[in-house]
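Before I ask anything, let me first share the structure, which is written out below as structure tokens.
The first chain written gets the first letter, and so on, giving A, B, C and D; residue counts start at 1 in each chain.
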Amino acid sequence: MSKGRMEAFSDGVIAILITIMVLELRPPREASLPALFPLLPVFLSYALSFIFLGIYWSNHHHLLQAVKQVDGRVLWANLHLLFWLSLIPFVTAWMGQNPFATWPVALYGLDMLLAAVAYFILVRALLSLHGQQSILAAALGSDLKGKASVVIYLVAIALAFVSSWFACGLYVLVAAIWLVPDRRIEKTLAR
Amino acid sequence: MSKGRMEAFSDGVIAILITIMVLELRPPREASLPALFPLLPVFLSYALSFIFLGIYWSNHHHLLQAVKQVDGRVLWANLHLLFWLSLIPFVTAWMGQNPFATWPVALYGLDMLLAAVAYFILVRALLSLHGQQSILAAALGSDLKGKASVVIYLVAIALAFVSSWFACGLYVLVAAIWLVPDRRIEKTLAR
Amino acid sequence: MSKGRMEAFSDGVIAILITIMVLELRPPREASLPALFPLLPVFLSYALSFIFLGIYWSNHHHLLQAVKQVDGRVLWANLHLLFWLSLIPFVTAWMGQNPFATWPVALYGLDMLLAAVAYFILVRALLSLHGQQSILAAALGSDLKGKASVVIYLVAIALAFVSSWFACGLYVLVAAIWLVPDRRIEKTLAR
Amino acid sequence: MSKGRMEAFSDGVIAILITIMVLELRPPREASLPALFPLLPVFLSYALSFIFLGIYWSNHHHLLQAVKQVDGRVLWANLHLLFWLSLIPFVTAWMGQNPFATWPVALYGLDMLLAAVAYFILVRALLSLHGQQSILAAALGSDLKGKASVVIYLVAIALAFVSSWFACGLYVLVAAIWLVPDRRIEKTLAR
């Protein structure tokens, strides 16, 4: 089976998620500068989730570059990833409306954790299809970033109940780790 | 006529449907854990419909793999399928807001039934274009799952007026039947 | 310039328009059958607009099959068509909320008229790029349906001020004329 | 890395932005012509933003025609552009609800300015990948329009605090400058 439609469908879903989040940013009734201030936490939540979805899209793009074929199991591992990503607008809106409140911040981390686990499962499904000697396996290497992200999310969720500011700081840290694009695949493919 | 744009358009519509459903999941005003509880039926409806749309996308993807060309009749059979799929967010929202109420559960089943019939018509239109000796015909075989789904939906709609829990259980059963990916086409294409 | 992205962008816009219209179909609060009845005009407006957008997508698909290349003028003629199509959810919602009221029905016809004119301009832009001896010109022929639609829309808009039922009947007539797929292009390409 | 998915993803995001803006155009409750009049500024804001997004899509399409490959840096420069474009529905809605009010008009210009800067950064990232001797560099030339737009936006933002009508006039001027499609790339590619 060709990977074209799985790419197109994932692009579609992520493109829609990244844009419907902006609908939460309701224009204020008043036409003054101070009327914008209460929107700041909503805007920051939006920007953070935009970056996370951008990271997933970029990594998905890199990952699929090294993929030759897909099967039914891969399609469902991908849909599973898209399910947790599809909840990002919901957790973003809740966190934006209740800035730095414990439960919304923890739920945000939980959704991110489940998306990270789903991405890991997708990578496993692709590896089992392509084999440990494939370009894909070489390109992925030890996946240190992926493992570190899961650990940081777990710490952040626990810390949300102590200090939600700290948890948010950890989310920003994960985003920063990933913003450096995943050059492993680019390098391995170039060789 | 090439099938490329019909695939792209269907991917687009299903990707949008799968993501706008999440807009029904309104973040609660309060930032507490109990505030999330009333959202549980809405979330479960969403998850069920996400899976159904994922099944349609996955089967559509498998089906089109074995297709060589399309014509005007196939385009409209496909748009007809997309019409009933496009009502899934509506029936999902109604069922989510009125968990296990008779009419919403029955209407959900009716929409699923009409989508299943539309998929059947699409398959017929493709078969009449490709012939009974085509790879497509071999790949589809007797379509036992498709026929079983229609029967189960009919039973579920009738049962909704006796016990809507039972009807919902039957919807989950149909989803479970289809979650096993349609390997017929994969196998026939591989041969 | 290749036509690929113009097709993809148009598919995207039409796919989104066809699906966001369904957001107007708000689930009723009550979980009873009679609660659905007031939604009937909204549903019928939705179904009519779904068919019109389906016709535009199908014709656009047929038209682009015979197209070899595009230029900046064609891109803007296409965006101009998408602009009037993008207002369909608005006029559909207004007509659905005020069934058979004069102004909504007339505005619906006006938007349809402007979309038909925009489609005509797009066809002209493509013809001036491909020449009167091209496959495209042969495939399009005299465009009787296109001209008839414009006349029927004009009559329908005028009649909306006498009887909006009659105007709606004419819209259904235009849809029926076009539902028969545009075999001119299929036939000419096959030759 | 191939540019296909970056094109598809950008098409998707811009297609969604262009269509969700129309959701701000709420159908009035009354079915009369005067009920439409208050919507005029919202409609004009929508039309202006539709044209701006159409310009970005058209220019993006032209730009990518001359591009051979992309890397991680280009993907993020593109996501950065999409971020500022994704705020257009928000600033459009605020300006439409408060026609010719100072702050909404200024914020609209600021978002346009940041999008223009992001487009400039994307062009730089592509040039540094393709080299100053590439077709891309030849096709882009001195980018007079891009530089002029940035200057006009800066003037318009400042002028919004004197006369917001004048600022809006300048936005229309920028749109008019760009509506003439960017023939540099078409010409250079044709050679």
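The working rule: contacts are C-beta pairs under 8 Å (C-beta built on N, C-alpha and C of every residue); 3 or more make two chains touch, one makes a residue touch a chain.
What you see is a predicted model; the values in this text were computed from it and never measured.
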Most widely separated chain from chain C, with each centre as the mean of CA atoms: A
Numbering shared by both copies at the chain D-chain A contact, with half separating same from different: different
CA centroid of chain A to CA centroid of chain B, Å: 26
Whole-Å separation of chain centres (CA-atom averages), chain A against chain C: 37
Residues within chain B bordering two or more other chains: 8, 12, 16, 20, 23
Residues on chain A engaged by chain D in the complex (per definition of touch): 7-8, 11-12, 14-16, 18-20, 22-23, 25, 27-29, 31-33, 36, 47, 50, 54, 57-58, 61-62, 64-65, 179, 181-183, 186, 189
Chain D to chain A touching residues, read off their complex: 1-2, 5-6, 8-9, 12-13, 16-17, 20, 23, 71-73, 75-76, 79, 82-83, 86-87, 89-90, 93-94, 97-98, 101-104, 107
